[in-house]
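Below: a set of structures, written as structure tokens.
Shared between the two complexes below is chain A, which has chain B as its partner in the first and chain C in the second.
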Partner chain A sequence: MNVRLYVLQRATAALMAPLVLVHVAVIFYATRQGLTAADILSRTRGSVLWASVYGLFVVAVAIHGSIGVRNILAEWSPMSERHAGIFAIILGCCLLALGLRAVAAVTLP
Partner chain B sequence: MTFGRLAHRSNVLWIAALVHRLSGIALAIFLPLHFLTLGLAIDGEARLERFLRWSDAPLVKLAEGGLVFLLLVHMLGGVRLLVLENLDWRDEQKELATIAAALSAVAAFIFLARVL
Partner chain C sequence: MTEKIAVSLWRGRAQGRYQLYEVQLRENQTVLDVVTFVQRHLDATLAYRFACRVGMCGSCAMTVNGRPRWTCRTHVAKVIDRGRLKIGPLENLPVIKDLATDMAPFFEKWQQAKGAFAPSRTRSDPIERIPPGGAARMAADAAIECINCGICYAACDTVRWNADYLGPAALNRAWSLVNDQRDAGNPARLAAVAASGGCHACHSHQSCQEHCPQALNPTASIAGLKRRTTLAYLRGELKA
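Presenting the complex of A and B:
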């Protein structure tokens, strides 16, 4: 792993630690009396705050996850570093696209 | 000879590194599915609601408890790494790793107790 990827992975980890705590707190709060789509969407639709928090979360997780998978493939599989890098870029783009689509689905009014 | 070469695998910190890596793989596999599920809301509330009612099944709730554990153990393991890399060395590394796993397990059990 080069220095740029190392710093990006650590920076996104530091950014996501508090976001994970917020997410777990939201999970516990949302499931206190059963989870319904109406409850979820009434909280999130039209909320700039939730769109920003989860939008940031998605960007960070796409970067962090793809770098992590790249490292694991390069170390544990017969894949070359170059191919692991290509796979990671595709994975990161998929996570970003699917994640931002999900954020849009639950936050756009 | 083999035992000697593999002896480090019983070390708590080696297990912590393995758990961190495996939980990361599991989360990377789960995330696209999680995003696709939330994306159901793009076609309207009813589709998301149908999925949520399916997810009321006890086995799905059990899996969700496992995901809460994986998310927390990966996050706390990551925080341990950041502390290790950026702050002065602490002798309590093994204790920190054990506490991270224990806290994650407790949170997952509390989650399961609430939803099951």
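Presenting the complex of A and C:
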């Protein structure tokens, strides 16, 4: 891992720390208040705030997770660092696409 | 009846086997004494390396009962396990023969990490005064007593997993020079340790400081390099 990947991974970790807390708080709130899917969607659809929070979360996860997987593959598998990097970029793109699709599904009006 | 030690010594190169010898247990005996006894009295073909015998040169490091140690300063009484000693070459380095490893990759990484002093003045310039109590000098001093024994390199999991990783000793050396006010080589040094295989590959397992016979803390030095290179990168002084 070079300094660029290190900075990206640490920066996304710092970003995710409060976002994870928000996410956990939302889960507790939704389950304890007994919100239905319709209740949740009524709050999230058209909301710039929720789209921003979860959109940012997904971007951070895609970057952070793919760098971590790259490092694990480069160290613990026979894969070369270059091939691990290519795999990680593909993984990151998949995570980003799936995550943003999910965010769009609950936030687009 | 005199007590004997069952000593298993690695014989061969990458492929080989442990061979058992019996050596008399003596008071204040070091592991190096045991190996030397075997080579001089039991098997003259045994290959091993030592020089100073007093913990200064860093030549005699071996794996003793599973841990890398400087054998000249390791008393048998402290490491013997149920009357047995198992002594092998250092891990993470190619074996030349028996207990002697090839240290070339270890020292090549010192070169890669720009571990050589790069003078900022010539011999015609006046000698620069460096206050010994200054923060940078104290940071340099904290990392400077390395004897190049390779124990941290042998103990490091990241070295085991990543052949390109520069290793704790080379990075510790780089950190001592980064803090040396007389040195002018930091741009190239920071670029070298910030590249792939540099300080950011460290997982902070701290095996290096756990095993260092000089009680140095290469993990802290590497953390210092991580901070310094991160700042340099954010300021645009480093390209990655």
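Here, the second predicted complex is superposed on the first by the 106 of 109 C-alpha atoms of A that agree within 3 Å, B and C clash if a C-alpha of one lies under 4 Å from a C-alpha of the other, contacts with A are read in each partner's own complex, and residues count from 1 in each chain.
Heads up, the rule we're going with is that a contact is a pair of C-beta atoms (placed from the backbone, for glycine too) under 8 Å apart; a residue touches a chain by one contact, two chains touch by 3 or more.
Fair warning: this is a prediction, and the values are worked out from it, not measured in the lab.
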Which superposed partner A:Gly55 touches (first chain B, second chain C, both, neither): neither
Touched chain A residues, chain B compared with chain C: B
First, second, both or neither for A:Phe28, with chain B first and chain C second: first
Contacts of A:Val106 with chain B and chain C, given as first, second, both or neither: first
Where chain A meets both chain C and chain B, residue numbers: 10
Touching residues on chain A, where the partner in the complex is chain C: 1-7, 10, 74-76, 81
Interface residues, chain C side, partner chain A - complex: 158, 161-162, 164, 194-196, 198, 200-201, 226, 229-230, 232-234, 238, 240
Residue ranges of chain A in contact with chain B within the complex: 10, 13-14, 16-17, 20-21, 23-24, 27-28, 31-32, 34-38, 40-41, 58, 61, 65, 68-69, 72, 91, 94-95, 98-99, 101-106
Chain B residues within the chain A interface of the complex: 21, 24-25, 27-28, 31-32, 34-42, 45-46, 48-49, 52, 55-56, 68, 71-72, 75, 78-79, 81-82, 85, 107, 110-111, 114-115
